[in-house]
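The following pair of complexes shares a single chain, chain A, combined with chain B in the former and chain C in the latter.
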Partner chain A sequence: MAGRWRRLGRSESATGWMLVSPGAILIGIFGLLPVLMALRLSFQKSDLLTPDTPWVGTKNYRQLADDPRFAEAIQHTIVYTALFVPGTMLVGLLVAAALNRSVRFISVYRTAAYITMAVSTISEGIIFLWLTDKDYGLVNATLNTVGISSQPFLASTSQALYVIVAMTIWGWTGFAVIVYLAALQGVPAELHEAAAIDGARPFTRFRTITVPLLSPASLFLVVWLSINALQLFDEVYLTTRGGPLHATTVIVYYLWDQAFVQFNAGYAAAMAYVLFVVSVLFTAVQFRLARKYVHYS
Partner chain B sequence: MTTAEMTPELDGSTPRRLRLPFSGWHFVLVPLTFVLIVPLIWMVVTSLQTQGEANRFPPVLLPHHPRPANYVDAWHTAPFGTFFVNSALVALVVVVSNLVVCSLAGYAFARVRFLGSKALFMVLMATLMVPFQVTMIPVFLIVKWFGDHVSPYLGINHLGALMLPNLATAFGIFFLRQFFQTVPVELEEAARVDGTSRLGVLFKIVLPLSMPAMSTLAALTILTSWNDFLWPLIVITNQDQMTVPLGLSYFQGAHQTNWPLLMAGNVMSLVPMLIVFVVAQRHFVQSVAGTGLKG
Partner chain C sequence: MIKRQTAWMAAAATVAALALAGCGGGGDSTSGGKTKVVVWDGYEDAQGKNLTALIAQYNKEHPDVEVTQLVSSSDRVLQKVLTAVRGGSPPDVAYMFGSWAPNIAKIPQVVDMSSYVKQPDWKWDDFYEGERQAATVGDKIVGVPALVDNLAIVYNKKLFQEAGVAPPTPDWTWDDFRAAAKKLTDPSKKQYGWLIPADGTEDTVWHFDAMLWEAGGDILNSDNTKAAFDSAAGVEALTMLQDMAVTDKSLYLDTTNANGTKLMNSGKIGMLVTGPWDLSSLPDIDYGVQVMPSFADSDAGHQTIAGPDNWVVFDNGSARKQAAVDFVRWLTAADQVRTTSLASGDLPIRESVGSEASFRRQLDQNLSGSSTFVENLSNVKKARPSVEQYPAISEAMGQAIVAVLLGKAQPAQALADAAQTTNDALSGG
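Showing the complex of A and B:
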């Protein structure tokens, strides 16, 4: 009996390993191995091309601590994240609230709101480059009609980062609307009716019933949007190349520049590890805070 | 019932009130959705303008003589046909591979009790926490190694370099495992008793029941693969191996101020994914909403 069980167990194990091996090998080579290689690389000097990679100890990390451009990149990333995440959530919530009703053509309105999800970051960048063009842009034309003079936008060190915030909020609106709309549809109508009978005004009902019930969706968005905000690259590459005067150089742009333009791969790997640790800590803190503020019904 | 009884009463009490034949919410929804898609509308409008019209301020809102020839010009100025074929090839290989590889692994993790399955699953899922920027430099070196030692078609500056690192994803395995666990196990047991193998059960019973999950994964994978930019930027410099976003960014760099031409190219680049999105909208919505609610 025991022998038969063992045989069965062994053949089950063989089947199991056979089924998972293609996926496990691929993810092992392109997902796990690189994590270890990057760690080793961060203690080496490498130009990506020559096989000679001398060991430099913690030099890359010490250099990072004293690099004013890295400090600047961190600062830009923090400002960007602090505006982009709440901005996208607010726009997403307002649009989802407007779309959460059954009127005719609602599916057409919803598709129009979701569609930005299908627009690539490069298309988005080109569109906003044109919309915010300082000479011929539609945005400046609109500002002029309400009496505001034309702005330089992406050509200005003080405005460029905010233009990138605006264009990425637009790009992520579809995603946030989908998440919030699904959550709103899960809010039981009876709760609102009961509160209305008790005399609660619409805004009070929204604040005391809807917002707490949306908290799991909000947590998901905070985490997901933050992870993506820390990884901002495409739009910066397309619209400003980190300029003007490094004003939009965010961490990943600086990292890419160091690794694949300046060929300081070891230094870039150290930067990547700092980014990794920061994003893990960031997510952990968010989940910690969530215990206090998120209500699962 | 109650609304039906109340409606005539309400109508009677406000006989002179102007009643709209449609909901008042349209007055909110029309401007709102218009603002959201104005960037896309403006892209299409500009793509039909002449260069003279585009360089006028304030802008010409409606082209006087729409110029569809911009599309022909864009198509001839850059090898958009090649970009489309490349993107489609990469997306096709990546999607098929992900569906096969992730369903095999997802099924094993959902149903087969094998030694080390929990540990392996945890390790694979941990890779989801790692930002791509951490792994991209080593992945570049690994792909370069494959190009030098296995086949040049897998190496730098070849489409293989775009496919290879994306053939399987931890997300795909997790996603399908979650779905397979909801398939009633009794159906599988009946077939197993009849002597069907594990693979037979997966292909004949589980997969036909999992079509919604498979299509959702396919739709998400196509979108991610098609719109990917950073990785192609790193490994591809030859124009004949470029995908749509990379080709578009080079096109933009070469024709910076010719906005009608740029916008015509931009519209063409967007059409395939807009079609995929509208056709598979249900799947996108379900996948995003599903992950969001589970949080």
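Showing the complex of A and C:
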């Protein structure tokens, strides 16, 4: 311990701290401070309108425990995350594997795969609204031509959440492709050659050589995509507004609704804190599991 | 209420709002000897140009005042104002939805206009009754009418002709409306008689509110302590919606509330119940406008609902406050109301302007059907209750309506459940 403090005193680390301080101070003010203020808010009753914010102790948290709509929102968030994260990774891996070769115009294909990341969420939302429209959408028109009857999609309480899963997988695929593509370039060709000489077929080589060597990239994607999935908001706001009948109300949408539509800011802050703790635990579990399954060489 | 556009917004968590509250200091009360008045509004296109021109005119005529404008989506202005109030730098004037009035009334920096508007030069009584009601919360007047609209039937003349249905008349009942919608519906052409926003937001609810009042019902009881929409009238109104959505399938449910005007303009929908703001989005069809139908067994007649929005003044020190109040008085005076209305197609917010025959002719020339909406202002007989629990009530009613429309609930039960939620909210649960 003493050694570490001495090291800190060295001029090199002092310079280091000076270099990071502008960023660190900004993050402190705009990141950390609001986090602490939100913690205080979660123990208060506040409508954001009046300066009067009485302390209510743990009431907001206790109320959360009995709120069926919060339970529903958690359930939707879990279903969404459980489908979105592996879905995006699987599609991303397949597309990346397909793009990891030298054919003509490969950079065109790679750009095409990544371009979904450059599409704004608003455009994405509007495109999917029209694609999946129950009467006039392209998806139903296509289904009809192969003899499948029209589906209500976003207008259905049982289908809407899955449409949002599909829509966000589409939107995030480019991200997963880039990460996997970079990792694939790092898989040594000689391992494949050696396995091929030993008689391993392409699929076996992919499963036993490529996939394990991609595990650091996979860990990064699991953590990153999960954190984003738990915070799903934009796509829901733009398409279903949490409906029909709350079928797509996920935690952050419900939080926003409570804070800015219903004016229960303290309650919403408590919700944000539950989500925060869950996200931290979730990430910790993922890193723990990673020790067993992630290979760095 | 102006049409809530498919608003764009990033995740606006509480944390983010509070983070922003840290920025921004108090503004100077004067700049170069001029008193500053900062106006926040969401006006774009024709509305925006008109307001910008009026502000320029005001600045020219008042060299001691400098009015500046910050334009951002009206949907989000409440969030922004809340943040700015917390940070100690609210605007001087903001355009705010009328349905927020009870909540706005609780913001300490909001100026109570009641002592100002009593002065004769304001001609307060010249604002339509519904507008004045929407700006009043208890003994406070939280804003000055900025915009008013109402709901009426907008119908596609060609589709009526093709289906062999006589166009809507001022004597239509909801049974006539339903029968017409049924005939206008043609599954093979994917054509529907009517389209309703069914996202369960206030946009869904206010369509129902007008029907509820026409059936003789009310949202809350007379002293705003209990739900009243779960009455026989409420069930009648919601059953009418159910008959069209579930039985006849003549009602297109716009569950994402994004398609209405586009589908209407594409000739897929026979009728919309909507306000004057949509007229300019229907350039491709020949449309007519008619007042809403009535219920045959009710003596409440033809009604509608107005969604008046307000200019809300904030107190940034006495000099700026006075300048802001003066500006709002000028902006809402008859001459400026006439100019605004003719330039933007908005309905006039003053009765004296709305009753000028030449003005109404001119308005119709600019945008066909507008004068019917002006006349329809006299069918505004009731307003939504001014209670701060209104967001929770609206939410409960919205879910009940959507549940029935989707065939997941029966009207009486759905309204009873929503009434329970409403009563809990009103009793401070």
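Here, the second predicted complex is superposed on the first by the 272 of 297 C-alpha atoms of A that agree within 3 Å, B and C clash if a C-alpha of one lies under 4 Å from a C-alpha of the other, contacts with A are read in each partner's own complex, and residues count from 1 in each chain.
Convention: a residue touches a chain if its C-beta (ideal position, glycine included) is under 8 Å from a C-beta of that chain, and two chains touch if they have at least 3 such contacts.
This one's a predicted model, so the numbers in the text were calculated from it and none came from an experiment.
Chemist: When the two structures are laid over each other on chain A, do chain B and chain C clash or fit?
Modeler: Once both complexes are aligned on chain A, chain B and chain C clash.
Chemist: Of the two partner chains, chain B (first) and chain C (second), which one does A:Ala141 touch, if any: first, second, both, or neither?
Modeler: first
Chemist: May I ask you to decide whether A:Ile115 touches chain B, chain C, both, or neither, giving the answer as first, second, both or neither?
Modeler: Once the two structures are laid over each other on A, A:Ile115 reaches chain B alone.
Chemist: Applying the touch criterion given at the start, work out whether A:Ile126 contacts chain B, chain C, both or neither, answering first, second, both or neither.
Modeler: In the superposition, A:Ile126 contacts both chain B and chain C.
Chemist: Under the stated touch criterion, which partner chain does A:Gly243 make contact with: chain B (first), chain C (second), both, or neither?
Modeler: In the superposed model, A:Gly243 contacts chain C only, not chain B.
Chemist: In the overlay, answer first, second, both or neither for which of chain B and chain C A:Leu225 touches.
Modeler: Touch status of A:Leu225: no partner.
Chemist: Should A:Phe30 be classified as contacting the first partner (chain B), the second (chain C), both, or neither?
Modeler: In the superposition, A:Phe30 touches chain B and chain C alike.
Chemist: Once chain A of both complexes is superposed, is A:Val280 in touch with chain B (first), chain C (second), both, or neither?
Modeler: Only chain B; A:Val280 stays clear of chain C.
Chemist: In the overlay, answer first, second, both or neither for which of chain B and chain C A:Pro216 touches.
Modeler: Touch status of A:Pro216: first partner only.
Chemist: A:Val165 contacts which: chain B (first), chain C (second), both, neither?
Modeler: neither
Chemist: Hey, which part of chain C ends up inside chain B in the overlay, 129-137, 201-209, 237-245 or 255-263?
Modeler: 255-263
Chemist: Under the contact definition given at the top, report the residues of chain A touching chain B in one complex and chain C in the other.
Modeler: In the superposed arrangement, which is not itself an observed complex, chain A uses residues 29-31, 33-35, 37-38, 41, 48, 122, 126, 129, 133, 135-136, 231, 233-234, 237-238, 252, 255-256, 259-260, 265, 268-269, 272 for both chain B and chain C.
Chemist: Okay, in this complex, where on chain A does chain B touch?
Modeler: Residues 9, 12-17, 19-20, 22-24, 26-27, 29-35, 37-38, 41, 48, 95, 98-99, 101, 103-106, 109, 111-124, 126-131, 133, 135-138, 140-141, 144-145, 170, 173, 175, 178-179, 181-183, 186, 216-217, 219-221, 227, 230-231, 233-234, 237-238, 252, 255-256, 259-260, 265, 268-269, 272-273, 275-276, 279-280, 283, 294.
Chemist: Looking at the complex, which residues from chain B come into contact with chain A?
Modeler: 22-23, 25-26, 28-29, 32-33, 36-40, 42-43, 46, 54-59, 100-102, 104-105, 107-109, 112-117, 120, 123-124, 127, 129-142, 164-170, 173, 198-199, 223, 226-227, 229-230, 233-234, 244-246, 248-249, 252, 259, 262-263, 266, 269-270, 273-274, 276-278, 281, 284-285, 288-289, 291-293, 295
Chemist: Which chain A residues qualify as touching chain C in the complex?
Modeler: Chain A reaches chain C through residues 29-31, 33-35, 37-38, 41, 47-51, 122, 126, 129, 133, 135-136, 154-155, 157, 231, 233-234, 237-241, 243-246, 252, 255-257, 259-263, 265, 268-269, 272.
Chemist: Over in the complex, which chain C residues touch chain A? Could you list them?
Modeler: Per the stated touch rule, the residues are 6, 8-19, 22, 78-79, 82, 85-86, 103-104, 106-108, 190, 192, 198-201, 252-253, 255-259, 263, 268, 388, 391-392, 395, 399, 402-403, 406, 408.
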